[in-house]
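Read through the structures below before going on.
Same chain, two partners: subunit A is paired with subunit B first, then with subunit C.
Up next is the complex of A and B:
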């Protein structure tokens, strides 16, 4: 093994990596947020106690620039000014040396509100009680795709299935809570901290401060999974205001309960399907409607909505489709990015719906899905031809063979219905579009990378993409070292610091390898051609859109993503029929991510993504209570998998090089979260003989479902019968 | 209140509130930051340390209870042959992703191998079950136990 590779993450393993809370700053002050206790209302008065010497308070009045954080649209205030939209919204930042004094002061602050009736659910949002929270209708965003002719499709149907499938909130639960420290150095306001997207933080600070004497530096980041895409802005905005004024170091690190309660979550989704099947058992029409609960501010919901819409039919070629997706404003914590970004929801819902239709038709779920798969000749949902070779059938074959899915499925179907333990096995097929939606890489992001070669022939990579655990630092170095035919030890990567790295875009959307890695490969090729021994050289390279990639962002037509990765998961379970506890006995993941660059690194993504998805499907319950805040408040009651809850993941790959990715690679980090929840639920369904139409499927949910009159959630309409009755 | 204990083989005295946690004492008063605060309620194991050789959550332990006892943190363990054996195994297995759980995992693996030099998969998973990891899905950390058992043969 390469010694450099073996020392990768050396500091972390030795406890020497300096996460933001580990860092020492002379004269460090602590910051604590005063957050809204009202879900919706106008702020009438803010009453603050007299502050002891050395304690300071910051509010919207102190913002020298614009009090709106430009995340996608500038709607989320750094400090609430006239109104509050959710419990937990930042109103004040208190700063001072002693955290205990700050906590006391926080209890002495009181805010008088003129409350309005809050909306917590999509239904409440649509009802517009006390008027709209946002615009005139509470609708943040809405889009529709029409493919084929939906009416003509339904005209061929002999059976129509209607079903609602829902997914819940999910909390990232990165092990390191959110946190930043701000200070002044060389007359710049510097913020360093736990974050995925330093340039996003930079732009938010610049807007709030109204100047660009700013610098953002990523600290070692203890997990992100999307959760550190938007929320570091929410911390950095107010913090920058305080640092800009006090010129002293200030630290804001959230406590775990604060982090669980108030940082962004995965969007809960409710999908409504109306699916027509013809006399041959083939789907001829799908009418899909879904709503996203976006929370109080828009944040990243538009892009989540776009992904959920443009991939709503997953890996299936359906001739006639109508999809309508809407994102709604509510008085809850804003929902944001979480690994998969709309796809885990989409994939769970459609895979469950396909399973349930198959069951109703008396068909095997896998065979039913196979009869509808996209092929190389298919036109995608958004009207594009398939780029490259599809290997979905290879993924299925490999998964079925490794897991012995068919034999086990048959054996478990024949098991006694009276057994104390019952087994089940489920399969899911899924995709993930890599990179920004549509052609936003070209029109919005315009990533740029830089390579520097010094006189000693040492090469340094300068990009803004952050290693948040996924290991991209090693993969980036490997791409450049391989291209230059250098040992890994001769290629370094810079700390992500906006003073030195170009904006190669955020660390999101499974774009780091396929987009930024490819630009790095191009840059390395250019450097190789121009290499001059003993000379200092700098190479900059910009993103170039591949010529085949066409996209219409208004009508959602063309290649919805530059490239798409695919996967198949199989999960096998055993249910204790007395307690309804589910043991996950085995799990298989087979993936097409183009050509893998570092298989061990990607195996880590498979393991982590699938386990996170098994948690999503099996145990990660996060629900709003009647006051619009989460009932689960700590790590004791928001459950994620432990080492005893999950099996060793059986992994495999199908090599399918992509010509516009580095060494043929596509994206993979999010893909691994898209399928396991559905495969898990399918396995539980086989074991207990009951369909479920929401996740998580906890033992309590199984007990309730089986104790009540078991019934299919799917509604079956025989069209011929309806016609006769008429 | 003055509390005396042994920290990484060295006697130490701190003058703090007796109810202050061991974790806060280590991080703020002793300047040892390998032990992390993940939840501060004993759920995640990121703050794991050894007290008299037992794996404990430093975030739950009032410093008064540490009086007269032996505390070992990763800062101490990493200087030992066994500690380096576990750390190298964890790196070789790629059991470190974001790294925030890693110090606690190293200590948990060390305690496991002290008790079971040739552990079974179930023994490893049980030993790690008090330490949450959100990145790796655990298998590569489990692998680290077997690598350390093999490469550290004779140590344990």
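Up next is the complex of A and C:
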């Protein structure tokens, strides 16, 4: 068992860390995918050139096990066999020693297709031209939640607001592109890779190979953000087939353009709101319908859909709600996991809708939101009571005070509409459910951790959760060291290797600290009680669901998540009214993540999450062209913020310890991406005096909105008279 | 594999070019992107490559007796930014190109020879009436930059010629204006850029110029429209009627495109807005 270098991030910082692309192996072969050039169709023939000695081709025919990757449901083939569903789908893996020869051979492969009319958008998916891509109706998944009585709610309404709010694709743009290397050691097929979830890769390999003489090791990983949850399977499946057959080391590393074009993206979403407000200005009913574009294969869309549905009303207590969410199959790159997993979409859309209703009612957005906040007495959207103390009002108070939100909001409202530069300030309130949806931690994941203490009193942590740059290895060591009252140097953590670590679940869903960290704390407590000086000891600990946590996965009733974290963001902008460029002058982030264990590490999450969310709201435009591929192909086209595009972020926390988290901690990694896009757009809206109902709000979008005739995106229906007649 | 030359003397470089057609490589920051294959695979150059970075003479910035600046073909953007005699407008545009690492290699003359419609330094060089000097074993010729840039990526340079020097005549401006609208604040390609300069004495406009980048196949600068402004009183420039009229006249020359980074409509609107901003700034 190898342990991670105890000098935290020392190797990465010095350039000594051996990422997949840096590795050298004797006899290493390179692998390249031949990908579909057709969006939708049947494969009629595959024409391959004669291969030079030492070059090999692998296809669906070579799969010894099952040619389907079990991500959630086994629908995504390792190699396309009879049909292709998107441009970029893997058809062949070409392997050989010289990358240049591989490059030339790839140009000599051709595939004949019988094309069908592709569907790229949800509307096209629903139209079912040339029949369904998936099942009979292209619908991957659909769920509905009803709370209260929606009809009775609308009966009390004097005004109804209808609005559509949409979000676009988002690319992870992790520093290190996707890559894996495979080889045989001790008669096992070993895959090492840049990945979040080695046990997922293990299960995919065992399905594809049909045996379990396999092993998966996480390599140093240069960022993931969810992008390395499902996609490493897509590389490892075909790669394992080749390594299994050739018994030689083979590496597949995607280059940046390939990575941008063909790896999973954040789901675009279209929310349709119908919201009833009574004569006191209170929301009495919300009817929400939304569609997710899931791309060609189901992958993680079901869980993204569940999160988007169960958090659709964000931090608000609305008495009567109906939510219908649907995930659609299209002929585009499958959309998958991305930090927030449906929540950044939900939070942007509902926060914008709330702002726009407030504006229509002549109310201040913050006051309007405050009048609808969840309280300790509230029943959640999914019918549960609130567990623990809500501190949303403290978060708001702290944010408003630090940013001087109210004074600035008033001052900017009074600024000249003719100014060359105009300022605005916006606020967003948001939440994030920590851990797997519902009680899937208990029914599906069943995480297990192990601690080993050797004869020299050195303790080693064995978990499958990966450090992908977020700093997990340090926080885990800190949890165990603090519990055992040992110096940090006396606690190591194992490299994530399926030969030595138990399955403590994937590194996703803001679960690593609150779920796995807590099990580690329990394990450390047990070890402390049984500690025998000079003895080798092993402690295993399983996840145990807290007694309050009840969940009905069929009807989506109960505690939608084991715990929920909260946050407030304030963003201040200045818009150049000649170029429509937006300068972000200031940004504040205030969070309730229970009790923070390592503030410096969490500050990294705040900075990174907020910058990524500001990019999502302001500039990260990723659009499909007419061929169903992204128009933005490189880092010169797909814009993420640089350090000059964002201000120094002002961070703060409200301490609110959670009894079932390590040292009182909840999750926080995704939370930090949920709010900044909405606060940014609200600030731009104040500055330019127009509403926006989609992100990203680029300078082009602002220009278009300001130079066209102003149009209200939100439809207002006055039903007061009708109600009176009744 | 292709032949590689790295002469240290200009005469040697010209001799190589007389014998064979080479890709001339100064900083290489555009060439390495254009000829890239994949990471860890050597760039794919189809013809011999001649590096000119070792020619000391061409790494110089000189001032002639009449005040003309001469910038050698191997002068990097970083050198330019640090040099006391380089006009501030040119420094501003160079400083907005990419990031420090790239500016340490990329050259001004490379930016010119690349002849991209979105080249950052070209609008400034147009505005400053820059000239280019082409040398070969047969001799040399000097031409206005406007004659040198024929279209996107197109120049009249002959295979045996090397663009050795770029010349900027002395200027007397009382006011300048530069606005690059990039895809973001740094490491950004240009969506539209506007550069302008004027010489105003006692409220009389003695010189007035404006150039637009990334809104047409080549930089837009119109001496005839500029002549409409020269000779006027500052107050006349700022009359709404005058501004609108000038915007309409420039609108005919501004013919941008839609691409993955921006839209034609946006580029045109912003170019005209910035023209107005510049007119209102003059005093």
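Following the convention adopted for this analysis, the second predicted complex is superposed on the first by the 713 of 726 C-alpha atoms of A that agree within 3 Å, B and C clash if a C-alpha of one lies under 4 Å from a C-alpha of the other, contacts with A are read in each partner's own complex, and residues count from 1 in each chain.
Assume a residue touches a chain if its C-beta (ideal position, glycine included) is under 8 Å from a C-beta of that chain, and two chains touch if they have at least 3 such contacts.
Bear in mind that the values here come from a model prediction, so they are computed numbers and not experimental data.
Trainee: Tell me the contact category for A:49 with respect to subunit B and subunit C: first, second, both or neither.
Mentor: In the superposition, A:49 touches no partner, neither subunit B nor subunit C.
Trainee: Have a look at where A:70 lands relative to subunit B and subunit C in the superposition and call it first, second, both or neither.
Mentor: neither
Trainee: Based on the superposed arrangement, let me know which partner A:469 touches: subunit B (first), subunit C (second), both, or neither?
Mentor: first
Trainee: Touching A:7, do we find subunit B (first), subunit C (second), both, or neither?
Mentor: In the superposition, A:7 contacts subunit B only.
Trainee: So in the superposed three-chain picture, is A:581 touching just subunit B, just subunit C, both, or none of them (first/second/both/neither)?
Mentor: So A:581 only meets subunit C here.
Trainee: May I ask you to decide whether A:604 touches subunit B, subunit C, both, or neither, giving the answer as first, second, both or neither?
Mentor: Touch partner of A:604: subunit B, not subunit C.
Trainee: Please indicate which partner A:100 is in contact with in the superposed arrangement: first for subunit B, second for subunit C, both, or neither.
Mentor: second
Trainee: Applying the touch criterion given at the start, work out whether A:223 contacts subunit B, subunit C, both or neither, answering first, second, both or neither.
Mentor: First partner only, subunit B.
Trainee: Spot which of subunit B and subunit C makes contact with more residues of subunit A, would you?
Mentor: B
Trainee: Going by the contact rule set out at the top, does A:173 touch subunit B (first), subunit C (second), both, or neither?
Mentor: first
Trainee: So subunit A touches subunit B in one structure and subunit C in the other; where do those two contact lists coincide?
Mentor: The answer is residues 21, 255, 636, 641-644 of subunit A.
Trainee: Over in the complex, which subunit C residues touch subunit A? Could you list them?
Mentor: Where subunit C meets subunit A, its residues are 37-42, 179, 181, 183-189, 191-192, 260-263, 265-266, 269-270, 273-274, 276-277.
Trainee: Using the touch rule from the top, collect the residues of subunit A that touch subunit C in their complex.
Mentor: That would be residues 21, 99-100, 103, 253, 255, 420, 577-581, 619, 623, 631-633, 636-637, 639, 641-645, 699-700, 703-704, 707 of subunit A.
Trainee: Quick check on the complex: what are the subunit B residues that touch subunit A?
Mentor: Answer in residue numbers: 27, 31, 33-41, 43-44, 46, 73-75, 78, 87-88, 90-92, 94, 96-103, 106, 121, 124-126, 128-142.
Trainee: Touching residues of subunit A toward subunit B in the complex: what are they?
Mentor: Of all residues in subunit A, those touching subunit B are 1, 6-19, 21-22, 24, 172-177, 220-225, 255-256, 468-471, 600-601, 603-604, 606-612, 634-636, 640-644, 646, 648-649.
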